[in-house]
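Next come two complexes, and both contain chain A; in the first it sits with chain B, in the second with chain C.
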Partner chain A sequence: MKKFKKLVEYFVEAVLFSSSTITSLTVILIVIFLFREGIGMFNSSPLEQNFVIVVSQKNPVQELNATQIKAIFNQDIVNWSAVGGAKDSIILFTTNDITNYYSEEELGSSLENLPAKLNDFILENPGAIMYISSKSLPPNFAGHKLAVKKIGVADFVFGEQWYPTSEPIPSYGIWPMIIGTLMVTLGALLFAIPLGIATAIFMAEVASMRIRNLLKPIIELLAGIPSVVFGFFGLIIIVPLVQKTFGLVVGETVLAGSIVLGIMALPTIITITEDALRTTPQALKEASLALGATRWQTLVRVVVPYAKSGISTAIILGIGRAIGETMAVLMVTGNSSNIPHSFLVPARTIPATIAAELGEAPYGGLHFKALFALGIVLFIFTIIVNSSVEFIKNRSRRA
Partner chain B sequence: MIQAEAKNANVWYGDFHALKNVNMSFEPSSVTALIGPSGCGKSTFLRLFNRMNDLISNFKLEGSITVDGQNIYAKDAKIDEIRKTIGMVFQKPNPFPKSIYENVAYGLRVNGINDRRTLDEVVERSLKQAALWEEVKDNLKKSAMAISGGQQQRLCIARALAVEPKLILMDEPASALDPISTAKIEELIFELKKSFTIIIVTHNLQQAGRISDYTGFFYLGDLIEHDHTQKMFLNPAQERTQNYITGRFG
Partner chain C sequence: MTQKRLIQKIAFISFGLISLMVVGLLFAILGFIAIRGIKVISWEFLTAMPDDGMTKGGIFPAIVGTGCLVLGSMIFAFPIGVLSGIYTHEYLKDSWFKRFIRVMTNNLSGIPSIVFGLFGMALFVNYLEFGDSIIAGSLTLGLLTLPVVIRTTEEALKSVDDTLRMGSYALGATKLQTIRRVVLPVAYPNIITGLILSIGRVSGETAPILFTVAAYFLPKLPGSISDQVMALPYHLYVLATSGTNMEESRPMAYGTAFVLISIILIINTIASLIRRRLHKKVKMN
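== the complex of A and B ==
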């Protein structure tokens, strides 16, 4: 009998141990997965897979970076001398242009002559730059492939253009998303912090027990509403309201996103702040009142300072809630990938970008990896947020 | 002359009759000890004098409490103003998590007094009165949480003295302290009674005997006996007082 009890104990211990191990492993695996996919972005050429950019063998240019290629194909750069080549005008060529130069008969019914014609083209046009499928290159091609510089971390983080599917070369600059995320979050906090703290103070110090018991479940319910419902609410109510109030062309703006996010961050801020306010010892409040302080003075001079680390935690967790929120923001911010210069223009956040684009990004492609790299940036944001909570907790414990 | 007085004081917490028709008065510059077993109403009685019981939602008082000839439970009485003239020291040291200086200055600051020189003077005077000045004068900026429990309690006394109260209420001020700190607090009370009227709740009968001029014995909400301390301890009129003081119950 005693042996059996021991066996059961051993079994329970094993179950507990494996549960915690599985949980930790899952977290670690997710992080590894995120980083593996995301980092891949910086190891690959920004060109679409199976596509190459070629120039004539006589062309001395060997390598270009993404910006230069884009400028060339946008005809902002029209002479090779601008990128370190000979004084020669640039002739743009993509596969679609082939019919401008050769008839359908010349190319053959199933384009079997395409590689030969491409060869002819580069021989006839030494100034040409061609964006073509690597499959259509003839074996003894009279041109050479241009190396394209890999995307640098700085280009990615500080790049101001996000055109993930543009040809011949996509742009993966996430600066607009970083700014968009920060602005939407900041806007949300600007109104969620005062409102949330005021509500918490009301609940902890002012309201009667009955009102508090009524208010508390409502606020907890607010936390349980699915974010898509918030998004829907924002789209139907907030967006038109913002549009009308400010006379805008579109109501899907940073401001609309901020308001919706602010509402979503409220329950976090209110509950944690209220708990913190309630931890203030009765003895301290009594000491203050006994010295002739009013209830309001006691609140401002004793209760709030005592709870300040809890209030900071509430704010930071509110930031965490706002920064990672996806669905509601996706629905109300307009998703324009331009840097927002005010609260009244559309913007796009990091999580909304991932959610909106992951479905259409080909698996394993550069766009796909870029979205994972965005995920890493978001992950770093939330790590910063969470560790500041830990930092504040530790500091207040020492004080 | 009377500093403070309770007339026909009856207190209820909801249905519970906590104090039954208590009549008691306090002379200026005297120390009165309130004794009695736990739950006898002595703390409730003490807290009547600065309206601390008002914080309890189902508290009800009948009768009158006067301090300085003023009924502090009158309809037009301003609670904050009344509390400014009455100091209170609590059972456990409860300094604010602020500096020593700010703790003492608190009562003045909530009165709107922020003049540096006035504050400096009051802080020094109060800390000297509370016999703490010599120990902390070089560390006034130090957190009040970082000094010892006994020092904290004297700081709380200094904090109460800073607003120049006439009446000081003490709710078992030494019960959480070690014997040496307790002795210091008792000495201090002896000094303070020269300029203040003190009402002190205590569980420690020897302490009541040592420091008080008058003693009131409470039992189950009744004030059983109230007289000179010597008389109470040596020759009480009531048998219940005799039994309590000699340790036969309580």
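== the complex of A and C ==
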């Protein structure tokens, strides 16, 4: 009987232990799956699957990067000498141009003559560059494939253009979103930190117990409102307000996002700051008051300095909340993929981009992978936030 | 001296006004939704299928969908979260392992909900081939709330006086007996409240369900856990931003927001009522 009891104790402990590992396991799995899907974009050609860029056999150019290809197809570069080739003007040829050169009869009813025609074209036009499905090329094609430089991490992080579906070559530069995310977050904090800390001080140090007990559930309720409701409120009230106040064409701006996010970050900042202020030992406060300091002086010189690390934690967690917020921002910032140069223009953030585009990105394609890579960037942001919190905690524990 | 008092007075009054403003914000949001939403609420709105490009009819499938997701995620997160909280608080001594688990739990709770969405899609929908389904969405939401459940459990256990544990051990009870008969009954009200509050959180989450379960328009009820469902928060998002006829569907959006907010208000109220009642009971015992 005793043995059985012991066995039960062991068994229960094992069950408890395995439950407690789930969170760690999840974090690890999140890392694995984000990288599994996201890292692929740095190993693949930026071209659409089954599409190739070909040039004449005589053309000495072997490899181009995405920017050059884009410039060529936008006709910003019109001569091969600009990309290291011979002095010869570039002739563009894409799938859409086929009918400009050849009639339907020439191509045949089911395009059976297309490969031969493409061959002819490249022979006749040594300066041609073709963006074409690899399936429509003849087996012994008279041109060669251009290698396209893979997307580098730096191109991804610092690239200023995000056109994930543009032809012939998409751009995956997330710099505008990094700036957008940081600006929206910064704006939110400028708004939430003073309001949040003032409210926390009021609750912890000024208000009577009764008022505090009234405020506490209200703040909790504010924390409980779903982000999509904040977004809806922002869309109907704050966006038009911003538009009218500043006489803008569109109200969906960084500012609107900042205001909504600021409201959403308030409960986090208020609750944690208030808890931190409350940890100040009563003896310290009383000593200060006994020395003739006013309550205000005690607050500024004793309570706030004592709670400094707690207040920093509150601010950092507020940042964390703001950086990762998705739905509300998606609904009020306008989602323009340009780099925002002021608070009164539309912008988009990293989470909003993922939410807006993942549904349309074909599974396993480059766009899909790019959105997971965005997830990695977001994940790194939050790890930085969490580590700073741990760092502050450890430092204050030692002090 | 008088100047000092004046500064104090000005500072305290302005802090009070700022707090009032924060409270005002909450009531502005709630009031805005309530005033415009309550007009839309009718028996039909709550129990009918959406109709006519989501400009008419009701939101019944979204209510049922959110119910399914809450239930599914809680079946997963409640036991694991509570057990995990008990283990870290009652069993683990202060060691690197405990700190590791705590840091990992904190990290998990700091991860943005959209990353959970990506993860849920990659693991449950694609890798485990659940597809867009209630089970995929529930598991994603469950993992999202796990840190909340663990933390509330730990807080609840922390509030149990250590002398109770000592007393139990002194009477020869084992650890498991002590936890079951002494610690849990005392901590139970707080644990339950925490759990109910996390229901509120789950029912409002949108980003994690975008790519794991939520359907844009699906005017029927789910038949099994591998079906897609509509959900209230996502439905509100759709109505507010991408409905086929935005002007006409606006009232439906207000109504949906009102229902969502009401559910969360009700859940919060239930939580505080239970807390109060169970506290009394525990005290009486």
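Keep this in mind: the second predicted complex is superposed on the first by the 398 of 399 C-alpha atoms of A that agree within 3 Å, B and C clash if a C-alpha of one lies under 4 Å from a C-alpha of the other, contacts with A are read in each partner's own complex, and residues count from 1 in each chain.
Basically, a contact is a pair of C-beta atoms (placed from the backbone, for glycine too) under 8 Å apart; a residue touches a chain by one contact, two chains touch by 3 or more.
These figures come from a predicted structure and were not determined experimentally.
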Quiz item: Between chain B (first) and chain C (second), which does A:P281 come into contact with in this model arrangement: first, second, both, or neither?
Solution: first
Quiz item: So, A:V249: does it touch chain B (first), chain C (second), both, or neither?
Solution: neither
Quiz item: If you stack the two complexes on chain A, which partner ends up touching A:A154: first (chain B), second (chain C), both, or neither?
Solution: neither
Quiz item: Of chain B and chain C, which one touches more of chain A's residues?
Solution: C
Self-check item: First (chain B), second (chain C), both or neither touched by A:A290
Solution: first
Quiz item: Of the partners chain B and chain C, which touch A:I323 in the superposed model: first, second, both, neither?
Solution: second
Self-check item: Touched partner set for A:V302, first chain B, second chain C, both or neither
Solution: first
Exercise. Under the contact definition given at the top, report the residues of chain A touching chain B in one complex and chain C in the other.
Key: 294, 297
Practice problem: Going by the contact rule at the top, pick out the chain C residues touching chain A in the complex. | Solution: 4-5, 7-8, 11-12, 14-16, 18-19, 21-23, 25-26, 28-29, 32-33, 79-81, 83-84, 86-88, 91-92, 100-101, 103-108, 110-119, 121-123, 126-127, 143, 146-147, 150, 174-176, 197, 200-201, 203-207, 210-211, 233-234, 236-237, 240-241, 253, 257, 260-261, 264-265, 268, 272
Quiz prompt | Footprint of chain C on chain A - complex, ascending | solution = 5, 8-9, 12-13, 15-17, 19-24, 26-27, 29-30, 33-34, 36-37, 194-195, 198-199, 201-203, 206-207, 215, 217-222, 224-233, 235-237, 263, 266, 270, 294-297, 317, 320, 323-327, 330-331, 351, 354-355, 358-359, 363, 371-372, 375, 378-379, 382-383, 385-386, 389-390
Exercise. Could you pull out which chain B residues touch chain A in their complex?
Key: 50, 52, 55, 57, 80-84, 86-88, 90, 92, 94-98, 106-107, 109-111, 156, 159-160, 163
Self-check item: Interface residues, chain A side, partner chain B - complex
Solution: 209, 281, 283-284, 286-294, 297, 301-302, 305-306, 399
